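What follows is one structure encoded as structure tokens, with my remarks underneath.
Chains here go by letter, A, B, C and D, matching the order in which they are written, and residues are numbered from 1 within each.
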Amino acid sequence: MTITIKYFASLREAQGVAERTFNSSEVHTVADVIARHELAFPENTLISVNQVYAYPETELNSGDEVAFFPPVTGG
Amino acid sequence: MTITIKYFASLREAQGVAERTFNSSEVHTVADVIARHELAFPENTLISVNQVYAYPETELNSGDEVAFFPPVTGG
Amino acid sequence: MTIIQIQIETSPIATWQLLDEFEQEHLTDNHLIGACSVFTGKMRSSNHNDEVIAMTLEHYPGMTEQQIRTQVDTVIAEYPVDACLVHHRVGEVTPGDSLVLCATWSAHRAQSFRACEEIFEALKSTAPFWKKETLANGDTRWVESNTKNPRP
Amino acid sequence: MTIIQIQIETSPIATWQLLDEFEQEHLTDNHLIGACSVFTGKMRSSNHNDEVIAMTLEHYPGMTEQQIRTQVDTVIAEYPVDACLVHHRVGEVTPGDSLVLCATWSAHRAQSFRACEEIFEALKSTAPFWKKETLANGDTRWVESNTKNPRP
């Protein structure tokens, strides 16, 4: 199972990278991806899977793109 | 006492004139002006005195401009 | 100090050009403006299921400007804005022509949005304009409404 | 069929020119449009009482367009419009620059007004953009908000 992970804004700065790839057979949901981060995300972190808003319990498939980012401030 | 009277839109068409002048010492309020019209105004007629919305009971002074017009339809 | 421009005109309203020019002339140096709201009204070719081919807009010169100004002052006392631009067409118009433009500028979006909407609604219900339509068969008719004399 | 244009761009948003061109290209023959509502947002030189001299707008390419489109579709299902134009700036901006433009066209004013406002609010609360300010003393900081993950 290959998952691409993206970070934006302050989360990108905190992680020190914009993108990384996970290869693991033990990742089934977004929560599993979160658990594999050394650095905890802030409580208000938003999640998307394949560019659609998602949640810790969202199930993942190989090739999915998971993103983590802070509350949005456009407009 | 000289009062200038203006009519707009359908009321102008109904009166057949856009403006007329009243010279009378017996005109004290807008209601007096209305009473001197042969042709009754529709019930929803709006009134202004000196270009500010007014009412039948509004008192008049010589030189005042009184206008009668239908509900407005701008915008 | 709010910049207020109110104009009644017989020539076509070049909406976007007017807005561009107004901003260039009055607002380019004001970097505290964060929001602008605009509402424009155009003549439609249909009304009450009839085809309308032309329209005449009559108004009460003098009172119109004064009445709009009174409404603008009332609205911006509640929703402060930095600038307000109102243009209204009168005379002969045809479908697609712009009839009215109302724009407001303010620090934040809530005021500009509310002010723009309220000014437009106030104009529509109290400014002395009247529309007479010409239908496809040549008949003419006054557009009717139920606006009331605004008691102070 | 609603005409929908959503664009994210690094070059300045020429608001009034864009609106003029969009109308010329898509709407000149539609004489059933009676109303157009526009909202624009600009960068202010002040935020939380600090002077801001520049800002960087980051976004999530792909998701941004998709998210705005989803919001537009949801809003216009409730408030039908003939056309909707959304432009959003990204990259480096300075005070006075236009950041966002949202415009809607419809038969009558209620729909265009409500649709414009709702689309803008939805964009602001769900589209993945982030602002980083540069203050007068050179410090930088992320603009913070409390927007939440929109549960379906």
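Just so we're on the same page, a residue touches a chain if its C-beta (ideal position, glycine included) is under 8 Å from a C-beta of that chain, and two chains touch if they have at least 3 such contacts.
Remember, it's a predicted structure, so these values are computed and weren't measured experimentally.
J.: Look at all chain centres (mean of CA atoms) and spot the one farthest from the centre of subunit D.
T.: Result for max centroid distance from subunit D is chain B.
J.: Compute the distance, rounded to whole Å, between the mean C-alpha positions of subunit B and subunit D.
T.: Each chain reduced to its C-alpha mean, subunit B and subunit D end up 49 Å apart.
J.: Quick check: how many Å separate the C-alpha centres of subunit C and subunit D?
T.: Spacing between the chain centres: roughly 23 Å.
J.: Taking the mean of the C-alpha atoms as each chain's centre, how many Å separate subunit A from subunit B?
T.: For subunit A versus subunit B, the centre distance works out to 72 Å.
J.: Residues of subunit A that contact two or more other chains, please.
T.: Residues of subunit A never touch two or more of the other chains.
J.: Could you check subunit C for residues that touch two or more other chains and list them?
T.: Residues 41, 120 of subunit C touch two or more partner chains.
J.: Can you name every pair of chains that touch?
T.: Touching chain pairs, listed by label, are A-D, B-C, C-D.
J.: So in the complex, the part of subunit C that touches subunit D is made up of which residues?
T.: 15-17, 19-20, 23, 28, 31-46, 95-96, 107, 109, 112-113, 117, 120
J.: Flag every residue of subunit B that touches subunit C in the complex, lowest number first.
T.: It comes out as residues 6, 8-10, 44, 46-48, 51-55, 67, 69-75.
J.: Name, in rising order, each residue of subunit D that touches subunit A in their complex.
T.: 41, 57-60, 62-63, 66-67, 88, 99-100, 120, 123-132, 142-152
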